[in-house]
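Per-chain numbering from 1; labels A, B, C and D assigned in written order.
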Amino acid sequence: MRRYFGRKFLIYGLTFLLAVTIDWLIPRFMPGDPIANMLSRAALNADAAQVLYTYYTHAFRLDLPIWQQYLNFWNALFHGDLGISTYLFPTPVVRVLLRAVPYDIALLLPAILLSWLAGNRFGAFAARTKWLDNTVLPLGYILTATPYMWLGILLAWVLGIVLGLFPIAGAYSFDLSPHLSWRFLSDVVWHWFLPFASLFLVQFGGWAIGMRNMIIYELEADYSHYLEALGSPRRLVRNYAFRNALLPQLSGLALQLGVIVAGALVTEVVFSYPGIGYLLLSAIQNQDYFLVQGCFLFIIIGVLVANFAIDIVYVLVDPRTRKGMTGEKA
Amino acid sequence: MSLQVENLRVYYQTLRGDVKALDGATFTIEDREIMGLAGESGCGKTTLGHSLIRLTAPLRYVEGRVILDGAELPIADMARMDEFRMKRISIIPQYAMNALNPTRKIGTMTQELIRSRRMEAETSPEELRRRLDLVRLPHDVLNMYPIELSGGMKQRMVMVLSTLLNPSLLIADEITSALDVATQKAVAEMLVEFRDRGIVKSMIVITHDVSILYQVADSILVMYAGQLAEKASTETIIRSPRHPYTKMLVSSLPTVGVRYAEHKLAGIPGTTPLLLDPPQGCRFRDRCPVAFRKCVEVPPFLELAKGHWVACWKEFGSHA
Amino acid sequence: MKTAKGSEFLFFALRNPKLRVGLTVVLFFLGLSLIGPLLTHNAPFDYVNPAGADPPSSEYWFGTTTFGQDVFAQFVEGLRATFLVGWIGGGLGTLIGVIVGFTAGYRGGLVDEALNMLTNIVLVIPTLAVLLIITAYLEVRGVLIESIFIGLTAWPWTARAIRAQTFSLRSREFVDLARLSGMKSSKIVFTEIAPNMMSYLLLAFILQFGGATLIAATLDFIGLGPTTGISLGLMMNNAVLWGALYLGMWWWFVPPGLAITTIVGALYVTNVGLDEVFNPKLREM
Amino acid sequence: MKRSRIVLSILVAMALLLAACGQATEVPPEPVETEEAAPPEPTVAPPEEPTEVVFERGETLYVSGAAWGPPSTWNPFQPGNLANTTGTIGFLYEVLFAFDPMTGEMTPWLAESGEWTDATTYDLALREGLTWSDGEPLTAADVVFTFELGQQYAALWFSNVWVYLTGVTAVDDTHVQFAFTADPLYQEWANNLYNIPIVPEHLWAGLSEEDITIGANENPIGSGAYLYESHGEDRNVWVRNEAWWGIDVFGTPAPARIVDIRTSSNNVALGMVIKGELDLSNNYLPGVADLSTRGYVSTFFADAPYMLSANTAVLFLNTTKSPMDDPAFRRALAFAINTGDIVNVAYANLVRAANPTGLLPSLSNFVDQDVVDRLGFSYDPAESRSILAAAGYVDVDGDGFVEAPDGSAIALEVTCPFGWTDWMEAISVIANSAQEAGINIQAATPDYGAWNTALQSGTFDMTLNNWANMSNTPWTLYNLLFRHPIQELMQSGNFGRYDNQEIFDLVDALARVPSTDVAGMQAACSAIQELMLTEVPMIPLWYNGLWAQFSNATWTNWPTEESAAATLPTTWSGYWQLGGLQTLINLEPVPAP
């Protein structure tokens, strides 16, 4: 087990190092001059523009030697200082991000966990039940093949516009200012539902068919046959098969995280839901590379943490990892 | 008599038609008899073993009856067989190494199995530990995961599990093939001990390895190409076999403990016939040195001497 | 025996419903993307319909956009882009994945450690975030560039799968025998391992193909796709930007999404179908 | 399973709550800059009065279309597109005069009157009883303070008035005297009078240069009709200043609260307008013609072009590159562009074609019609071809496109930023029509960053730009078109680097004509126009609309062509003093049925 976690930590460590370096490179490679872009539409007189330009350049520490910039970046990082957003000038990037993070948690956590649980249940249920396998499962394939944004668009169109059941933009109504009341909470949930639904459905399909295919392997495994030979009822056999099929599904979840993040990103864009993904896009479109850095960093950290959480769960459920062997499955 | 198999036919379904893997087997096993089942791979011995306890696709039941302790086994009916499995008839599978659920503590799995069979009453924890002692497994294996056990330990654990409900017939399928010679011997001895202690009444030991049978089996049934060739007491089979195939089998056995079945018999020219459409009559005739015209008819499986059954016209001839 | 095996494969391939359905759909769209442009005399961007947005009609099968552009013309053109991304992006992804995974799995030892490490690292970094940033760097983007970048970031999971597969193959008896009989490892790879790997590669490629098209659609949709030409994702992007949802121009955003979904879905089904063909265990008897 | 569901739902609730509170704690966030530079402590802090949590629909005005991004600064000196917060100037901080483009009138605002007592002295009288929202009086001292900030800090956009401004003195509490050098830029001065926001000395005197030039100025204290209440990612909420000095002068603005919504994309705004959730949308909404005929929204004009004109979309030609350095080619190009298609197809008639001089309709009295008749241009491929042919541009290799007189092939790019959908359509029209006329132009849409770099460093071939707002003087436009001197980076005009001292002098001359001397201005303009239309250094194509679609569901009496005294129906930053505020004051609530 120590070895197992040792490996994991090494990988995560290196990943983080790499990610941060990429992150640091981002602004250094952006096309054009972000500060010039920022000031461009200001229609200033030349010398005023010049003063501001030098000011910003200094504020963003772009006037230091490269190696020093890199060290400063790390240093600042550990002090939780990600610079100042140019797009939301003069708000510090960290503050902008901390505002967005809760929305992502609210969106992703339930979507991921629920779809995983429900999808697996359903897949196991459908597997080897011929009529289900042939009728309901195709739905799974459709769902998992659906581009997140398209499902989002459809939901927005049908439920939001045609039927007018749900709002399709923002996190809460414009006639409310945040406060603790049922009115407000329900409003928030009401806005949250469609983005959540589109994330949930797509993943649900994926997990369902994933489990369906996994469990068929497991039902054909030797231990299943042995149990049958000993006349144990189908219930037990299926139960074992299900539990064991969950393991690859679990590592599958880890592999999927990247894709899910992507899904969340576009979903947030479709429903203009103020999470990191939405922020990242605006940041890119507005050439705000400090914000881009921040978003990227947060996403990476998020994914790493999630991965680690999954590793822990994996150790808990799979004895093989605990007993020294690395329980990694491809 | 414990087990009685009558004209059992089980075919193996493939796209190009049925493979007559087991084509009419009739034999009996006495109480307390350990019968070895020998033959080259693909001769149908494993098919026979499986047919008795878990007959699933692509195997297909064609005809024949199996009577265990006077009751007929519904071998063609997966569901109805459950009642008999483990209680009356049980198996130590070839894949004993992987037979245990990797993610369950062995003790837990055992209990869940027992409970699922509603046999809690019949199996006290003490009894379970006694069985473990019997196969020389420490009691704390119950708190271990299969992965923590060596191959031999796993196999012994499976032996305990399979025999926990004292089945009257135990099928041991190639249980030694994966083990080193020393362990083989131990396992073999345990099998005998199971019988001696009356945990199992009788046993079918399927193996490539005649030398093992020499150690454990009271009798040996030799199969060839999906049909029975000869059955007799181990002594007789080794010392004075009568079916030409058995003779070659035994004689091509250079030293005890050599496995031959992986590659085809050294001494015997020709190959085992494809069982898709086997030749008429005696299936061994193409390779048989002593074959004659009579052999185009299927030879019956007759008891020539007490407990000595042979399917060969030559033999009948000499005794007609 | 080999021929028997081959014919058996064919036998099942032809009888596997999943495989049949899946392939038919994919081929249908492929065909459409190829001959589609011949079916319409309109160029994707021409303002052919003076009336502006019109629902599907005999004249314009998929209706027209706000500017009176023929949606069908754009659709078939977009299909091409989608398949292009699939082939190039998916192909590249598979290729890299196979090379890395195979080398790791076959060489083992330090090489494996290093490559596996790399794979895991790239695996953890969320692809789209990286793609977003990369594409943001490119000032003018085309479908080709896009697919290449997608391929460059999509390989890790294939690498992992292939690696695992290679491990299992490497330890199979026939490979051991070959090695014992002093066969050169390169020869072993091609005569013994590669053939057994083919089925696996095919499956991997199909998944990569699907993945690539999905990612491309995502990029295009958020406006970081090709800045030149048209693609299904871009169509959806335009539709949304020009208020197709509110103005009820469903014919503008439904077909592209539907096409992507159906194609990718069909690919997945094909994949499972093939899987069943390759692993008899999975066939429903 | 069950349990996990419950747990999760709790999780969601908590996270969302967190998010919500994240929003709530927006007011007031800690200052960004260094500790010693804390924002001014309001003596009467508006946020401290209990903020309603649910806004009464009947008393709330919902507007959108002004915000570039989430509100992040309330600094009235924050330049250009950083000022995500419309209303900072107008609601919060006020200017001396208002200017009404519809009438061309400068109307006193903070000022009561102002006049040039002689060529170099400008006397300004403030109104009596002006107050800041914290109760302090707004006096001449504040005006002096504000202007002197410009002298002190070059970073302030209006600092360059001090090129010709020599001193500001407070005669008494309500009188200010401005002293100038020999020849002040009268035009720009007039412009400044309604653009420079007056800030409170008693709060700003203590601020650092950083705070003043680029600080966020959270919890701002102004003198205007509305007070900052709160803001979120996608909104900025203003509440009426019941103690506003202007109530007795101009009347009470009807909406008790204004929610300025930043819509993530135009189509979201479109949806809200349709649902009646938005009272005034200043977004560019495709298909608005359809919507207004269906009665979802109203617009200033009942039919095309529906919108007033806000600014001129000009096609800048990079005159440092061949063949754009050839006036004949430029003129031919001007005839080749099918402006009609841009108007009809790309904009579905939401805009109108521009006058060749580029001057907005509101400035039409400065257009020398005679010059336009002689030298003006319009879509005419035949004419274009003949000009080309005459100038030696002929299709040598028979590829359908003309080659330069020296035989070299011509392949040009017309650009606009990717994602500016209406312009993207427009440039494809430009490219197509030019190609039909035999000029090989392709449309390209690089990312904004790339586009902007090309624009400022002059590496583009030809590109669209419209950075001249509505103004009291044609000088504003010409200052954009003929910005000089030519520099390394042209950040705010003359991107095509058209270098012609003669026209530069004419523009400077115009700037020095007193705004009262209309005839003088006209003379100066026609001279500029004569030269401009002969040289065609750039091509004015169409007027971007003052996008405004409003709903009469909750608020009525919006300005339309029928209105007696129509004002601008806009919430755009910099337009409040151009009548936007007056529009609010004129609004009337719809009595609840």
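As a working rule, contacts are C-beta pairs under 8 Å (C-beta built on N, C-alpha and C of every residue); 3 or more make two chains touch, one makes a residue touch a chain.
It should be emphasised that the depicted structure is a prediction, and the values quoted were computed from it without experimental measurement.
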| item | value |
| --- | --- |
| By mean Cα position, the chain sitting nearest the middle | A |
| Greatest separation from chain D - chain, by CA centre | B |
| Whole-Å gap between the CA centroids of chain A and chain D | 38 |
| Centre-to-centre distance between chain D and chain B (centres being mean Cα positions), rounded to whole Å | 92 |
| CA centroid of chain C to CA centroid of chain D, Å | 46 |
| Distance from the mean Cα position of chain C to that of chain A, given in whole angstrom | 22 |
| For chain B, residues that touch 2 or more chains besides their own | none |
| Shared-contact residues (touching 2 or more other chains) in chain A | 30-31, 161, 269, 285 |
| In chain C, residues with contacts to at least two other chains | 136, 139, 223, 240, 245-246 |
| For the chain A and chain B complex, residues of the former touching the latter | 221-223, 225-233, 235-236, 240, 243-244, 247, 317-320, 323, 325 |
| For the chain D and chain A complex, residues of the former touching the latter | 1, 4-5, 8-9, 11-13, 15-24, 26, 29, 32-33, 51-55, 57, 60, 62, 68-70, 72-73, 78-82, 84, 153-157, 159-160, 210, 213-216, 230, 232-235, 237, 259, 261, 263-265, 268, 271-272, 275, 277, 419, 447-450, 452-453, 455-456, 467, 487, 489, 491-492 |
| Sites on chain C touched by chain A in the complex | 117, 120-121, 123-130, 132-133, 136-137, 139, 157, 160-161, 163-165, 210, 214-215, 217-218, 221-224, 233, 236, 240, 245-246, 250, 253-254, 256-258, 260-269, 272, 275, 281-282, 284 |
| Contact footprint of chain A on chain B as seen in their complex | 53-54, 56, 78, 81-87, 90-91, 93, 95, 98-105, 112-113, 116-117, 145, 147-148, 158, 161-162 |
| Chain D contact footprint on chain C (complex, rising order) | 45, 47, 52-53, 66-68, 136, 139-140, 223, 227-228, 238, 240-247 |
